[in-house]
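The data blocks that follow each hold one structure.
In the two complexes below, chain A is the common chain; its partner is chain B in one and chain C in the other.
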Partner chain A sequence: MHPLLANRMEEMKASEIRELLKLTEQPDMISFAGGLPDADLFPVERIAAVRERIMKEQAKEALQYSVTEGYLPLREQIAARMNLHQGTAITAREVLITNGSQQGLDLTGKLFLNEGDVVLCESPTYLGALNAFRGYRPKFVEVDTDEDGMKLEHLDELLQTHPVKLIYVNPNFQNPTGRCWSKERRQAFIDRVQRANVIVVEDDPYGELWFEAGERPTLFSMDRKGCVIYLGSFSKIFCPGYRTGWLIAGSPWMEKYVLAKQAVDLHSSTIGQREISCYLEQYPIEEHIVQLRTVYRQRRDAMLEALNVHMPPDVRFTKPQGGMFVWVELPEGENARDLLVRCLPLKVAFVPGGAFYPNGGNEHTLRLNYSVTKETQIREGIKRLAQVIGNERTRRRA
Partner chain B sequence: MHPLLANRMEEMKASEIRELLKLTEQPDMISFAGGLPDADLFPVERIAAVRERIMKEQAKEALQYSVTEGYLPLREQIAARMNLHQGTAITAREVLITNGSQQGLDLTGKLFLNEGDVVLCESPTYLGALNAFRGYRPKFVEVDTDEDGMKLEHLDELLQTHPVKLIYVNPNFQNPTGRCWSKERRQAFIDRVQRANVIVVEDDPYGELWFEAGERPTLFSMDRKGCVIYLGSFSKIFCPGYRTGWLIAGSPWMEKYVLAKQAVDLHSSTIGQREISCYLEQYPIEEHIVQLRTVYRQRRDAMLEALNVHMPPDVRFTKPQGGMFVWVELPEGENARDLLVRCLPLKVAFVPGGAFYPNGGNEHTLRLNYSVTKETQIREGIKRLAQVIGNERTRRRA
Partner chain C sequence: MNYAGESLFQHCPSEGDGSLREAISRLMQKRGAAACSGAEIMVVSGAQQGLDVVARTFLQRGDVVFVEQPAYFSAVQLFRLYGADVVAIPQDPNGGLHFDVLETMIFRHRPKFIYVQPTFQNPTGQVWPLEQRKQLIKLAERRHTLIIEADPYFELRYEGEPIPPLKALDRAGLVVYVATFSKLLYPGMRVGWVCASPDIIAAMVRWKQAMDLHSNHYSQAITDWMIRRGVLERHLAFCTERYKAKRDWMVAAIQSYADQELMPCRVPQGGYFLWVQLPKAVSSTALLVHALEQNVSFVPGSYFSVDGEEALASYIRLNFTWPSPQQIERGIRILGQTVRRLLDSRPSRGQAFRQSVPLV
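Let's turn to the complex of A and B:
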C-alpha cells in the first residue's frame, strides 16, 4: 500500500457485487446478481407532479442549504409512520435524515468503533455493512444463524467470551438470505442485549416488503433501554436514486450523530428531502408498497417454483416471506465463484456468497435476487443455472 | 464522554457557526453570520424546465441506483470546464462526484489521516475542513499567512520540523478571510510541496466568484507531480440544496476514493446529478455566474465603503477581490464573542473568528458575509456594528 495512505485503507477492497454488476450489464444477461428495485414500478407520474409543485411553491428553500438533522416535516412523517406501524412513540427529534441507510452505517462506525472493537453480526451478513464498518477497523465475529435468526446459545457464548461493542442485524428478509427472525427470537434477543452493555444496529430496508403474515415487530419497538439504533430507507419502498434514508436513535446518541453528519457532508439534499416529503403528504405511499409486494411476491413464487423443479435435491435454498433475495447452499466442496465463471457465457449471473462472511469461507453459497426480473426470465435463468450445476458435476465425475 | 463512544468523538463539538445560525434566524436580524448564496438569484425557471425534461426523458434511470463514481456526462462536463478554465487536460476518470465539497474533505481524511498525522493549514482556515478532519484525530499546525497566501518562510520551517502528511489550503477568496493567493506565491508553494512528500488539498468553492482580475490559476493546474487533490462545488456557483460537488485526483488516489465513497453512501443522488448535468448541457452556467459576480461585487463594495465610513481607524479589514467574506481584526485584547453578545439585541450578527483557528486564540477577529444581504441593509448593519464597538470602548474606559 502507498505509504501516504492511512492504515484503515488496507481494509477497503473492491466490492465483488459492484464489480460483478459491471460485468453483468449486458442486455441479454439474466442477472440475479443485483439488489435493485424494479424501475418499471417507480411512481413516475406522481413524482413528476410533486416535483412541479416543489418548484412552484418552495423553489428557493428547496435549492438552499438546510439543517443537518434533515427537513423537519419529513422527519415528522417518518416518525408518524414508524409509530403507526410499530406502536412506538418517537418524535422527529429522534430521526436523522441520511444518504441512504448506507450513510447510517458509516456514521454508526464513526460514533462507536475504535480499532479492534468487537462487532457481532449474523453469519452471513450484509456486505455493505461490512464495507462501512471496515473503515473503522473493528474485529468481526460471526454469530451462527438458523431460519429464525441469530442462534441464542452462540450469541450468549460470544457475549461472555468477547468484549462486544456493537451488534449489527438485519432481522427482516435479510440481505443476503431473505430470512426473517421469528417474534420469539426477537424478544429473546432483546432481553439478552438489554442486559449487556452494547449497541444494536437494526438495519431494516425490507421490513415493509412482506408477502405473508404482515409487518413484523422491529427490535427497536421492543427495546426499552435505548440500545437499538434503527436504520430505514426509501431506496426499496420508493426510489433509490434519491439516496434518502433515516436513522432513529435516542439521546445521547442523536446529538453525536448530528455532529458526525455535519462534519461528513453538512446535510442531505434539500430538494430530494422536500420531494419525498411532498409525495408522502400528497399520495398514500402504501398504495405503491402494496404494488411492490404483489409483483415481488409473484417473482419470488416463480423463483422458488423453478428452483424446486430444476435444482438437484442436495441444493438447498431459503423460502423468503418478503424482501428481494433467495439464498442457495450447494453441497460443501462446490464453489459458487467457479460456478459464476461458467454461468456467464450462458448469460446468467448471481453473487457468490463468500463475500457475505466477514471472515471468509462458505464458498458453496450464493445469493439470487428476484426483484428486477420478470417471471419467464426467472424460470429460464434458474433452468440455466441448474444446468450449469449439473454439467459441472458431470465434468468433475469424468 | 459515554464509554461506548469511539475516542474520535471527543474531537467532535457543536459548530459555533451552525449554532449561531439558529440564533440569528429572526426576520429582522441583519446577519453577516452565514455563508449562503442568495436564493433570490437561483435560476429557478431554468431549473424547473430541466427537471421536467428529466422526468419526461430519463425518469427511470434518474430514480434508480447508479455508480459510485458519479453520472458520467456530469463528470465529463466538470472535466471539460476545468480544462477550459485552467488549461488542464483531465478526463472524467479523474472526477468523483461528492455530496458537496464537505464530503470530499471527509473522504480525504479517511484516505490519508492516521491519528496524530500532521495537517498544515492556513491560519485562519475553513472551519468545516477542521470539522471533517477532526474525526481522524490529526495534529493541526497553522501556517502564518499574509495578503498573498501562506508565508513561505514559515511553511519551509514547518516542513523541516514536522512530519507533514497533508496541507489544506483555500487559495481563492478564502473562507473566512476573503484573501486570494498571488500567482507568485502559488508557484513558490507548488515548487516547495512537490519536493516534499505530502498531499495538498486545494478547496476551491469560490474560484469562479472573482470580481476583478479574472480567474486565478489553481494549484492543481500548476502541479506536475500529482500531489494536489482538488475540491470543487456547485453550492456557490449554482445551488447548495443539491449537495453536489466534485473531487479531482489522479491515480492511485481515485481508485481509493471510489472505494471509500462506496463504503460511505454508495453514490450521490442520481436525480440531482442528472438535473445539474442537464442544466449544464442546456444553459450556459456562465450567465448565472456573471450575475452572481455582479451582485456580490456590489455588496462587497457596499460593505467596504460602510466599513471605511463607520469603523474606528484601528479596526482592520480585508478587501476581498471575490467570494463572500470580509475578515475584520479588532485591536488585540478586544473580544469578538463578547461583541456578538452585545450586537444581538441591536439585531446585527457575525461569526467570531476564534473558531477558524484550530489551536484557538485570536478572539479579536470576526468574519462578515455579504452575499445574502442587500446594500442598504449592509450599510445599516455595519453602522450598528461600529456603534457597538464604540459603545463597548466607552463602557470599558468608564
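Let's turn to the complex of A and C:
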C-alpha cells in the first residue's frame, strides 16, 4: 500500500470478483450476478410527468440547498407508510433521508464503531454492509443461521463471550440467501438483544417484495427499548438511481445521525426527494409494487423450476418467498470462483458466495439473482450453469 | 536393481531408505551443501508433505510466518490451515527481499519462520544473487530466525552458473531445506526430502512416523537406483535441453505475437514459469475468461497474492514445460490477440479509464 494512504485503506481493496463481474456487461451475457431491479419496470412516464411538474411549480426550491434531515413532506409520507404497513407510531422527526440505505450503513459505522468493536452479522450477510463497516475497522463475528434466521443458541453464546457493540441483520428476504426470519425467531431475537445493550441495524430493502402474504413484523416495530435502527430504501420498490432511502432512529441517536450526515454531504439531493414525494402523492406506489411482486414471483418460479430440473441432487438451494435472490450451496470442496471463470465463456454469470462471509471461506456457495432476467433466459442460464458444474466435476475426476 | 526384491515391499525407517538418504546427501553436496550428511536428510512424500511436516513441527495458532509476495499459494494455504498469520515481505524491485524493511519487520512481528524460494521462484522464476543469500543468512543468524527454503527446480538451470542454496551457507542450522524429485524426475512417485540439522530432523521424524510411518519404500528404492545408475543425471540433461528450447519458443512467441512492450517478462534462467506483466488496464482474471473461450489457460497473478496486493492482478504465470511447441505458439498468439482486443475495447483509448460498478 502507498505509504501516504491511511491505514483504513488496507481494508478497502479492489476485489478480483469485481474485475470478473465487469465481463457481465456484455450484451449476450445471462447475468444472475447483479442485484438490480428490472429497469423495464421503472414507471418512466409517471416519473417524467412528476419531473415536469416539479420544474414548473417548484424549480427554485428544488434546485436549492435544503435541510439535512430531508424534505419534510417526504419524511411524513415515509412515516405514514411505515405506520400503515408495520403498525408503528413514528413521526417525521424520527426519519432521516439518506442516499440509499448504503449511506445509512456508513453513518451507523461512523456513529457507533470504534476500531476493534465487535459486530455480529448473519453468516452469510450483505456484502455492502461489510464494506460500509470495514472502513471503521470493527471485528466481524458471524452468527450461524438457518431457514428461520439467526440461530439463537449461537447468538446467546456470542453475546456472552464477546463484547458485542452492534448486530447487523436483514430479516426480510435476505441478501444473499433470500431467507426470511420466522415471527417467533424475530420475537426471541428482540427479547435477547433488548437485554444485551447493543445496537441492532435492521436493513429492510426487500420487505415489500413478498410473493406470499404473511406475518413479518419488522424488528423495529417490536422494539420497546429504542435499540433498533431501521434502514429503508426506494431503490428496490422504486428506482435505485435516485439514491434515496431512509433511516429511522429515536433519540438520542437521531441528533447524532443528523450531525454526521451534515458533515458527510450536507443533505441528499433536493430535487430527487421532491420528485419522489410528488410521485407518492400523485400515484399509488402500491400499484407499482404489486407489479414488481408479480413479475419477480414468476421469475423466481422459473429459476426454482430450472434448478430442480437441471441441478445434480447434491446441489442445495433456498426457496425464497420474496426478494431477489436464490442461494446455492455446492458440495464442500467445490469452488464457485473457479466455476465462475468457467461459466463466463459460456455467457453465464453469478456472484461467488465467499464474498458474503466477512471472515472468508465458504467458497462452495454462490448467489443467483432473478429480478432482471426473463424466464426463458433464466431457464437457459441455469441449464448452462448446471452443465458447467457437471463438466467441472468430470474435469476434476480426470 | 541390486536389491533383494521383497525387502522393497517391507517397511523402512521413518527417516527414509538409508541408501536413498546417502544418495540425496551426495546430491546436496553437488548443490553446494557439502556438510549435509545422510543423518540430516528425511525422505518425505513430495515437497508438500515436507512443508506439512515443517508446519506441524513449528507452527502454533497465531504464529506469524513471513513469505515472499507473490508466493506459492499451496504453501500459504498450508500455513494458514495451521492457524498461522501469513505476512508478505516487501520485494526488492531488482529481485530478492527488501532487507532494511525485513529487519524491522522481524523485530516487530517475531515470525516463527521465513518461507522463501530463492532459486527459480514459483511464480516469478527469479533467482537471488549470492550476495542476497549471504545477507539473509546473516540476518537470520543475528535475529535467530528460522528459514524454510523450498528448492524444487535447482538442476533445471538453462544457463548461468548455479548459485548455492541458502542451506549451503547455513552454519547455524537455521535453514530447513525442502526439495523434491517431482520436477526432476516424476511427480507421481511422491518422493521428496527435507534437509535440516539433526535435532530438527529428529523432531520431524516423530511427526512423519505419526503421519504415515514412512514414504513408499518401492518409490524410494527406484529413485535411489535412478540416482546411483546415473539415470537422474541423463534425464536432467535431456530435460534441461528440452525445457530450455520450450522456454525460448515461448519467449520468441511473446516477442512476435505480443512484443515486450505489451507483455514484458524477464527470461528466467531456469524453472518452469514465465511471469508476464499485462498492461495495467487488462485484468488477468478477465483475460483468463477470454482465453478459456479459446482453450488457452494460465494462472492469474492474483492467485499468488498473500494480502490482496492489487498490483499482482496484472501479472500472469505461464508454464512452458508442459505444452508442445505448437501449443505454445498457438497459446501465445491467442493471448497476444486477446490482450490487444481487450485494450482496444476499452471505453476510452490512451488513458486507462476505470469505472466501478457497485455490487449490490
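Note that the second predicted complex is superposed on the first by the 389 of 398 C-alpha atoms of A that agree within 3 Å, B and C clash if a C-alpha of one lies under 4 Å from a C-alpha of the other, contacts with A are read in each partner's own complex, and residues count from 1 in each chain.
As a convention for this text, contacts are C-beta pairs under 8 Å (C-beta built on N, C-alpha and C of every residue); 3 or more make two chains touch, one makes a residue touch a chain.
Note that the structure is a prediction, hence the values are computed from the model and not measured.
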| item | value |
| --- | --- |
| Touching partner for A:L36 - first (chain B), second (chain C), both, neither | both |
| First (chain B), second (chain C), both or neither touched by A:R195 | neither |
| Which of chain B and chain C A:V44 touches, first, second, both or neither | first |
| Which superposed partner A:L23 touches (first chain B, second chain C, both, neither) | second |
| Which superposed partner A:Y242 touches (first chain B, second chain C, both, neither) | first |
| When both partners are placed on the shared chain, which of chain B and chain C touches more of chain A | B |
| Partner chain(s) touched by A:K13 [first = chain B, second = chain C, both, neither] | both |
| Touched partner set for A:H162, first chain B, second chain C, both or neither | neither |
| Contacts of A:L127 with chain B and chain C, given as first, second, both or neither | second |
| Intersection of the chain A residues that touch chain B with those that touch chain C | 13-15, 18, 36, 128, 240 |
| Of all residues in chain A, those that touch chain C in their complex | 13-23, 25, 33-36, 127-128, 175, 240, 341-342, 344-345, 351, 355 |
| Partner chain A, residues of chain B touching it in the complex | 2, 4-9, 12-15, 18, 36-37, 39-40, 42, 44, 47-48, 51-52, 55, 59-66, 68, 98-100, 102-103, 106, 110-114, 117, 128, 131-132, 134-136, 165, 197-199, 235, 239-243, 252, 256, 259-260, 262-272 |
| Footprint of chain A on chain C - complex, ascending | 283, 285-286, 288-290, 292-293, 300, 302, 308, 310, 313, 356-360 |
